[in-house]
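In the two assemblies presented below, chain A is common to both, partnered first by chain B and then by chain C.
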Partner chain A sequence: MDTIYPSLVHIVGEGYASFRREELFTYSKDLGTSEPKWPDYVAAPKTAEQVAEILKLANREKVPVVPLGGGMSLAGLALPLKGGIALDLKRMDRIIEVNEKGRYAVVEAGVSHGKLTAYLHNQHPHLMHSEPGAPPAATIGGNLAIHGQGDLAHPYGFNTDMINGMEIVLPTGEICKFGSCAVGAGWFTLHPLPDVGLFLGWNGATGIITKVSLRLFPYKKFREMEIFVVEDENLIPEILYELTHLGLTEDLVAFSSAIPPFSDRLHHVSINVTGDSEAEIELKRRLIFEVKLAKYIESGVGGIAAVSQAIQRPQVSKSADWKKGGGFEYVGSIMPVSAYPECYRRGAEISTRHHIPYTILGRVIGCGHAMMFSWSYAFNRADEKTVRHAREALHETDNIVMDLGGVIWKPAVFGQELLLAKMDVNTLSLMKKIKLLLDPNNIMNPGNWEVD
Partner chain B sequence: MFKLQFDESKCFSCDTNDCLTQCQYMDIDPGTAETEIRKIINGEDSFVLHDCATCYACEEYCRRGNHPFYLIVQRQEELNILPLPDPLVKRGVQMGIPFRGEPEISEIKGTALNLGVFSNLSRFTQGRLFENLTLMSTDSRKMFHYFCQLMYLHFGRISVINDRLGKIIRTIAAHKVDEVVHFHDECYGTYTSYAPAFGIDVPFKSIHLFEYLYNRLLELKSDIRPLNLKVAYQRPCSSRLSPDKYPYVDKIFDLIGVEHVPREYVGKKALCCGGTILGQKRKGSRRLALELQEKNIDDMKKAGAEVCVFNCPACVDTLGQKVAQNGLMPLFMSDLCRLAIGEKAS
Partner chain C sequence: MALAEYQYNDVIHRCFRCGYCKFPTDWSDVTNCPAYARFRLESYSAGGRLWLIRAWVNGELEWSEHLADIVYSCAACKNCVEKCPLSFNEDIVNMVTAAKNEMVEMGLVPRGVKKFLNNVQLHGNPYGISAGRRTGWMEGKSYPAYQGQEFLYYVGCEGSFDTRAQSAARALGDVLTNSGVSFGVLGEKEVTDGNEVDLLGEDALFESVAEKNIRQFKKAGVNKIITLSPHSYNAMKNSYPRFHGDFEVFHYTQILADLIKKKRVRGVSGPDEEEKITFHDPCFLGRWNQEYNAPRNILKSLPGLTLVEMPRNKKGAACCGGGNFYTDLLGGSEESPARIRAREAAATGAGILAVACPNCLTMLEDAVKVEGLENRIKVRDIAEILV
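Then we have the complex of A and B:
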């Protein structure tokens, strides 16, 4: 008799575990081109202790566990590639503390970005966190598990650069804390204790993030987006260099797409500017347009396409609408900003070959240290031919990333294999040791970051 | 190809050269004006082609109906002296390309209402003022099929207008309409000024929104309650193509009991909203646009205006927030009229 299901019910309670096919169906697919992969069970814990109990059970039974948050991942990262328990963390959604003066929030990992944004807007209107371009249902923990990035990426980097501490349930069931909270000193800093951070970017393969202290940042009263446009893609790196030198913007994104037509073969840079007064924001506009970008305007190669627009997050998901059937998936990469022109040219060529309107986007991370560059491919979910084209385009794009000296971001299994094949052998060996040490029975999200 | 019907002899015999001497953005004396006009007519380079703010006003300043602005834009294109940076021109031209399929054409009985490219503004055409009109298209995905194209006068691209306008006219005509009320001055100016100037046939009658509103308000006169507001009017550039309709502004204001405040920058001296100037490549354009906006709004405030009335969505986009920040309520003319008959603004 199956003992796992009753054990899960015992841990999380009636109604929060299931093995019914109609409920497992939801967890068998994501929104991308991956083939369905079915879990055997789904459980939705409420506490870190329940997570720990489930992991102990999984170790005893040698059953895989695949954690997921909002289920917004497109590349099969939260699909149960080898069956087992889908661990739905959305019930762990408490906002535990917001320290206004210390500018941080302690939240459970299943808190959605939309929930935290709304909470801060209502309760702490002078603070904000970095919300990614994903739908608001994407969770804090899920985003950290894939090294996500979002608003404020230009000044402050990846979202994983914006944490003060974490609580992790190890694959063997121990609950650990990292950062100042580990010595009972509150959740205000990740440093200066010895670095044992082995969990960010692992897609949950080394442990489950259950609690996070997120850094918060000033939320300025006046907020707007300016749009600058050029035709020559080769100008984008130097324009971003100029703007990152200025350092007065909250977000810098360059994009181009075949649809809508106004954007075709043109490169737009969205520049988010904020201030606590009209005078502050106008000062920033002047420095941007009349100092840094004036030479492009006056020589006629660049222009102000829009000013004082409402800020919109870059949402590559809109490209799903370019074909009938509403499907899309993208390859994300972390690239040098200087690679933008070649990324655009190669991506447009692949899109054309696969009969997909091209959509590309590069978001500056840090002070021009890198960019997250994405190529989106739309497909019709009801037309296998277009799905196949998109899948092939995605694989070809993974290869481009490696060719251009970049790193695939939140890679699917195909992309992970490309990265692992190219990885330094000693680093690979260390990853293997870490994985074996933390997850001796290889129960955590197997199939993802498999070092063998 | 369509050709501008421009009578050079009218310019050669003109004593005033108002088209350039009255320009508010270039300081041109009569002698210089005469010289530069001849250059432009002869297809030669002129500083006017470089420094033109593209405010359309010279179309109104010319007392002889000789389309100096259309000529300026034509020469800008011929000599590749574009006021805007090249990527903005390309972007603008591509923006008007329909990409969401063909419009659904239905036969319209009676008078039609054309929102042009601004189908998203249909909320401003609600209530009793508009109940006798049939909206030509409410599908925002199809709006570019109704886009009058006149915007490209700001882009130095007469050729784009002439390439596309015929199809737009055929789309509107396919609705079998006899009369069309145009919500935006720009559309009205396209079909009553630009098209005749280029010999383009328009098989329907165009009615200016303000003329329609005035006549409709007369029908609803018993319902009008004076608003007792002090208002300023932000005259859009395309209003210069139909100066004969401009008096309807004051006729409407008188009818609904609002005071059109006395201003320096009003009527022929109205200032551009700055939207186009801001993007031009001439050095200091952005600063000039901001200064114009400040001068314009200060003038409204000095005159005691409580409301800034708009007709052009682009002016609203450029100036709406700024007038609100300065304590004036931004309102479309249609909304102001709705308030006067006891309805709520959109």
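Then we have the complex of A and C:
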């Protein structure tokens, strides 16, 4: 008789575990082009202790465990490639502490980005965190597990660079803390203790993030978005260089898309400008347009497409529902900013070949140290042919990233294999040792970052 | 087996499951869908439900009692409609209702739903109580029988049979009487409005109920109807015209707001001390019929009461889960939508949680009790506040 299901019910409570086909079906599907992968069980724990119990059970029974946050990563990363327990972490959704003056928030990993933003907005209107452009159901833990980036990537880097501490449940069930919280101090810094952080960017393959102290940053009351536009993609890297030198903006994103037609083949740079007063915004706007970008305007190669637009959370609608098809997936990459023109050209070519209007985007990370460059491919969920096209386009794009000397971000298994094949052998061997040490029974999200 | 006839075959694949619909308008938490708030498994989210329906319709999944439970866990509150950013959003609840239609046609509905429908067929109400006891709500009061007065006061099933809702029904009867409104009631002859029958996907039974009511109303010479329940209001106002039932239908708050404006509501006294009051918008008055002002206008006019809003209000108001009252699916847990709503109401500091729907009244009063908030906040139907 199956003892796993009753054990799960015992741990998480009636109603929060299932092995019924309807739940398994729902968790077998990703929002993107991945083929379904069925779990054997679904469980939704409420506490780190429950997660620990489940991992101990999984080790005893040798069943895989696949953590799931918002399920927004699209590349099949939270699909149970080898069956097992789909662990829905969204009930772990407490905002535990916000330290206003110390500018950090301690949250459970299943807290959604939407919830944290709303909470700060209402309770701590001077603070914000770096929210990714993902749908707001994306969770803090899931985003860190894939090294996400948000709307403060330009001033402060990857979201994983904004951590003051973490609580992790190791694959073998021990609950560990990292950072100042590990020595009983507050959750205000990750450093200077010896670095044992082996959990970020691993897709949960080395442990489950259950709590995080996230750095918060000043939320400026006056906020607006400017949009600059050029036709020549080759100008984008130097424009971004100028703007990052200025260093006065919050989010810098260059993008281009075939739809709507008026913007086809044009390259837009959205520039988020914020300030504590109208005068501060005005000054920044002047420095951007009259000092840094004036030469492009004067020479006629660039123009101001919009000023003083309200900054709004990006909506998934247009890209996901192109031609009423209800689907899209993208390849993300971390690239040098200088690669923008080539990334755009190669991406547009792939899109054309697969009959999909191109959509590309590059978000600056740090002071122009890199960008997250993405290529999106829409498909019609009801038309298998278009799904296949999108899937092929995604694979071709993974290859382009490698060709152009970039790093695929949140790669699907296909992309992970490309990266592992190119990985320095000693690094590869270290990854293998780490995985074996932390997860001796290979229960954690197997199939992800798997070194043979 | 694929269902070629399913009405939304060309739309349902468009849900991306982006999860915007999980959030209320203030983005405060993922409790926008009452069923998802309660169960917190993806299968119960609005997107999960649509994907399951699609899988069933395509023949990818077989029907099961559990599948039907998930489909029927939709309370039709329309909060998802409000939040979905895609252009098909208006059809989300329709897609679920159409799936229920298919299940009904195949005789494949959850036991609770079947019982509900049986009761309506047998007794004219979902409670399974004999129609002869429909006048129990009057409790010795003698509201006039409808005989051509200006308004028919349609009490509805909850007001007629549920002990808590009966008090609201009487209160409304009294307020209308005190205000000199010319009205009558149908008493034993009243039958269910059919709103839930329609939403449970039983088209044929709904048609029969609606036609029965329409015939009866016309025979009695009814032109204008006042309903206690927003559910009745919705059915009579929006669906009865399909069967040539063209009446002037009002929710009672619309009538009372107007009477108050004309200073015809008499003898309303306020509390001894200034008190805060908050209002819970019923889904079928608010999102389904965009009536947000009438109840608020009433409350704002009352002496000694200050209206404070919950963060989720008007079109973003949380659903108490009452639209799902044929089964206890949504009750029983700290995460039940009614309990979440009761906590939100108490957090405003209000001493009274005003409602304008008998379903909300019973759901929220139970929730306040279970939450142990009775000493802090009382649940009152607006009609009860006015008597």
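Please note the rule applied: the second predicted complex is superposed on the first by the 445 of 452 C-alpha atoms of A that agree within 3 Å, B and C clash if a C-alpha of one lies under 4 Å from a C-alpha of the other, contacts with A are read in each partner's own complex, and residues count from 1 in each chain.
Here is the rule we use: a residue touches a chain if its C-beta (ideal position, glycine included) is under 8 Å from a C-beta of that chain, and two chains touch if they have at least 3 such contacts.
Nothing here was measured: the structure is a model prediction, and the numbers come from that model.
After alignment on the shared chain A, the placement of chain B and chain C results in a side-by-side fit free of clashes. In the overlay built on the shared chain, the residue A:320 is in contact with chain C alone; chain B does not reach it.
Once both structures are fitted onto chain A, a short way to say it is that chain B and chain C open up an angle of 70° at chain A, using Cα centres and rounding to the nearest 10. Of the two partner chains placed by superposition, only chain C is touched by A:117; chain B is not. In the superposed pair of complexes, A:102 makes contact with neither chain B nor chain C. Once the two complexes are laid over each other on the shared chain, residue contacts for A:336 go to neither chain B nor chain C. Once the two structures are overlaid, the count of chain A residues touched is higher for C than for its counterpart among chain B and chain C. In the superposed pair of complexes, A:173 makes contact with neither chain B nor chain C. The least CA distance from chain B to chain C in the superposed model is 11 Å.
Annotation: chain A has no residue touching chain B in one complex and chain C in the other.
Partner chain A is touched in their complex by these residues of chain C: 10-11, 13-20, 22-23, 26-30, 39-43, 48, 51-52, 55, 60-62, 64, 66-67, 70, 85-88, 311, 333.
Against chain A, in their complex, chain B makes its touches with residues 82, 84-88, 90-92, 94-95, 97, 99, 278-279, 281-283, 285-287, 321, 325. Residue ranges of chain A in contact with chain B, taken from their complex: 229-231, 259-266, 278, 289-290, 294, 296-305, 307-308. Interface residues of chain A facing chain C in the complex, by the touch rule stated above, are 15-16, 18, 20-23, 25-27, 29, 31, 42, 44, 70-72, 88, 90-91, 93, 112, 114-115, 117-119, 122, 135-137, 315-317, 320-321, 324-328, 380-382.
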